[in-house]
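Scrolling down, you'll hit the structures one after another.
The following pair of complexes shares a single chain, chain A, combined with chain B in the former and chain C in the latter.
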Partner chain A sequence: MKIEVLEMSDRFAKFVLSDASIAFANGLRRAMLAEVPTLAITEVNLYNNTSVLYDEQLGLRLSLIPIKANTDELVPKEECMCDDNCPACEVSMTLSAEGPKMVYSGDFVSSDPEIFPSDENIPIVELKDGQQLFLEALAHVGHGKNHSRWQAGIACGYKTYPVVTFHNCDKCRSCIEACPKDIIQMGPSGAEIQDNDMLECTLCRSCADVCGINAITVDQDERAFIFNVESDGSYSAEELIQQASKALKKKSDGMLEVLEHF
Partner chain B sequence: MGYKCTRCKRAVEIDYEYTGIRCPYCGHRILVKDRPTSIKRIKAE
Partner chain C sequence: MELKIIDKTNDELSLEIKGEDHTFLNMLKFILLEDDRVNIATYDIKHVSISDPVLYMKTEGYDPIEVIRDALSNMSQECDEFLDAFSKTVN
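The block that comes next holds the complex of A and B.
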């Protein structure tokens, strides 16, 4: 298995996974969406809310705010040994605001300075003159498979690697005009696609359809995949891929253990 | 349960034996229920 990183920023990653099966690629994609442990607000203690939003509507908005935290130091509530809640499984964040002002996610004050909303500018509610909002939000660790608030990977997908070959091209240029991505160029021996441009091909087959002499073959490498990964901010894109790989490894180890004791 | 008149802002007790709802001080007919002072815990979902 080979991985070639094409682009890596804080929230976005693009890489080519090659020499791997489609089942593994899909497993990695699903792990990024559903198996990465993330912290999110699950309960809210409301002291006062005179804003225009209902308490429940406010709770829904709060639950969807991505929170940056080191989840290795926290235990999921269902695995914690405590009776109700404890610092090992629960994080408290308070919010107090009085209008007129726009309340943002950055107004939260966390009990742990290492845990805070990943974006400070997520609007929660606009308070008019005299309106108040006092609350304590309780956050727990969970997984995306249980609720979308714990989904750290928000746009994770892949496509198979395109393979477009040209044979005996007559240089009619019709494929160059037909390509919607504008990636086909005329080379010395006929039409061609540069290696870097091949990633942009969507396998639409427009070039093959317009070719009058059937000189173009559009195929895909079913052992290579171009991944696009986007994080919601609770993890960096790199950490998200690492956490998803760890989740897959943990599941495989569990399977191995079961088989060894069978 | 306490109510408040939206016009004169005074606290009002509703007399359920009386067929209508009306502020006994100013006669206004729109009353709002005060938010309880207790802490309310909700599930955020």
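The block that comes next holds the complex of A and C.
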């Protein structure tokens, strides 16, 4: 398995995974979306809400705020040894505001300084003069497969690596004009695509369709994948990818352990 | 992970895997099919939201549980390989 990172920022990553099976690539993609443990607000104790939003509406908005946390130190509530709640499975955050003001996710006061909303500027509700909001939000660990509030990967996808080859090109330039991505260039021996530009190819086959002499073959390398990974901020893109493969490993190790007793 | 054997003979196995979905089953199936000892490996999820997947496999006379164990170690190894390669390129 080989990995070449093309782009890596806090919330976005682009990399080429080669020499891997399509099942692994798809498993990794699905794991990033649905299997990575994240923290999200699941319960709200409302002490005062005189804002224009119903309690339930407010609850939904709060639940969808991404929270940055080290989930290795927390356990999902159903796996926790405690009876109801404890610091190992639950994080409490309080929010207190009085109008006139816009309430933002950054107004939360967390009981754990390491755990806080990943963005401070998510608007929750606008309070008019005299309106009040006072609540305690309880966050628990969960997985994206159960509810989108726990989905750490936002836009995670891959495509197979394009392989476009030119044979005996007659330099008619029609493919250069047909390419919607403008990646085909005229080289000394005919039309060609630079290695870097090949990543842009969408396998639309427009070039092969306009070629009068069938000199172009559009194919794909089914053992290589171009991944685009975007995180909601609860993890950095790098952590998200690592967490996804750890989640997959946890599954296979878990089943192996159960099979020992068969 | 909770497993339930629905049917088992010397070379056949139907196994219900509770709480899992395509993420895990498709990877497992793919690895099983790469094994020469395996004749058939497939899975079925009867209903998308209320059923657990059932893995069905048939081997060339080998113990199916043994074959699955090998496939699972391969899968763990694949994940380790990925993590290793990824950590190396990022740092």
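Here, the second predicted complex is superposed on the first by the 258 of 262 C-alpha atoms of A that agree within 3 Å, B and C clash if a C-alpha of one lies under 4 Å from a C-alpha of the other, contacts with A are read in each partner's own complex, and residues count from 1 in each chain.
Please note the rule applied: a residue touches a chain if its C-beta (ideal position, glycine included) is under 8 Å from a C-beta of that chain, and two chains touch if they have at least 3 such contacts.
Please read these numbers as outputs of a predicted model, since none were measured by experiment.
Asker: Determine, under the contact definition given at the top, whether A:S9 touches first (chain B), second (chain C), both, or neither.
Answerer: It touches nothing on chain B or chain C.
Asker: Just chain B (first), just chain C (second), both, or neither: which does A:K145 touch?
Answerer: second
Asker: For A:I41, select first, second, both or neither according to whether it touches chain B, chain C, the two together, or no partner.
Answerer: First partner only, chain B.
Asker: In the overlaid three-chain picture, which partner chain does A:T217 touch, first (chain B) or second (chain C), both, or neither?
Answerer: Neither chain B nor chain C is touched by A:T217.
Asker: Considering only the touch criterion stated at the top, classify A:Q194 as touching first (chain B), second (chain C), both, or neither.
Answerer: After superposing on A, A:Q194 lies clear of both chain B and chain C.
Asker: Quick one: is A:T50 in contact with chain B, with chain C, with both, or with neither? Answer first, second, both or neither.
Answerer: first
Asker: May I ask you to decide whether A:L60 touches chain B, chain C, both, or neither, giving the answer as first, second, both or neither?
Answerer: first
Asker: Considering only the touch criterion stated at the top, classify A:S111 as touching first (chain B), second (chain C), both, or neither.
Answerer: A:S111 contacts neither chain B nor chain C.
Asker: On chain A, which partner's contacts cover more residues, chain B's or chain C's?
Answerer: Greater contact footprint in residues on chain A: C.
Asker: Applying the document's contact rule, which stretches of chain B touch chain A when the two form their complex?
Answerer: 35, 39-45
Asker: Which residues of chain A touch chain C once you look at their complex with the stated criterion?
Answerer: Touch list, chain A to chain C: 1-5, 8, 15, 17, 20-24, 26-28, 30-31, 34-35, 145, 238, 241-242, 245-246, 248-249, 251-256, 258-259, 262.
Asker: In the complex formed with chain B, which residues of chain A make contact?
Answerer: Residues 41-50, 55-56, 59-60, 62-63, 137, 147, 149.
Asker: Which chain C residues qualify as touching chain A in the complex?
Answerer: Chain C reaches chain A through residues 1-3, 5, 17, 20-24, 26-31, 65, 68-69, 72-73, 75-76, 78-83, 85-90.
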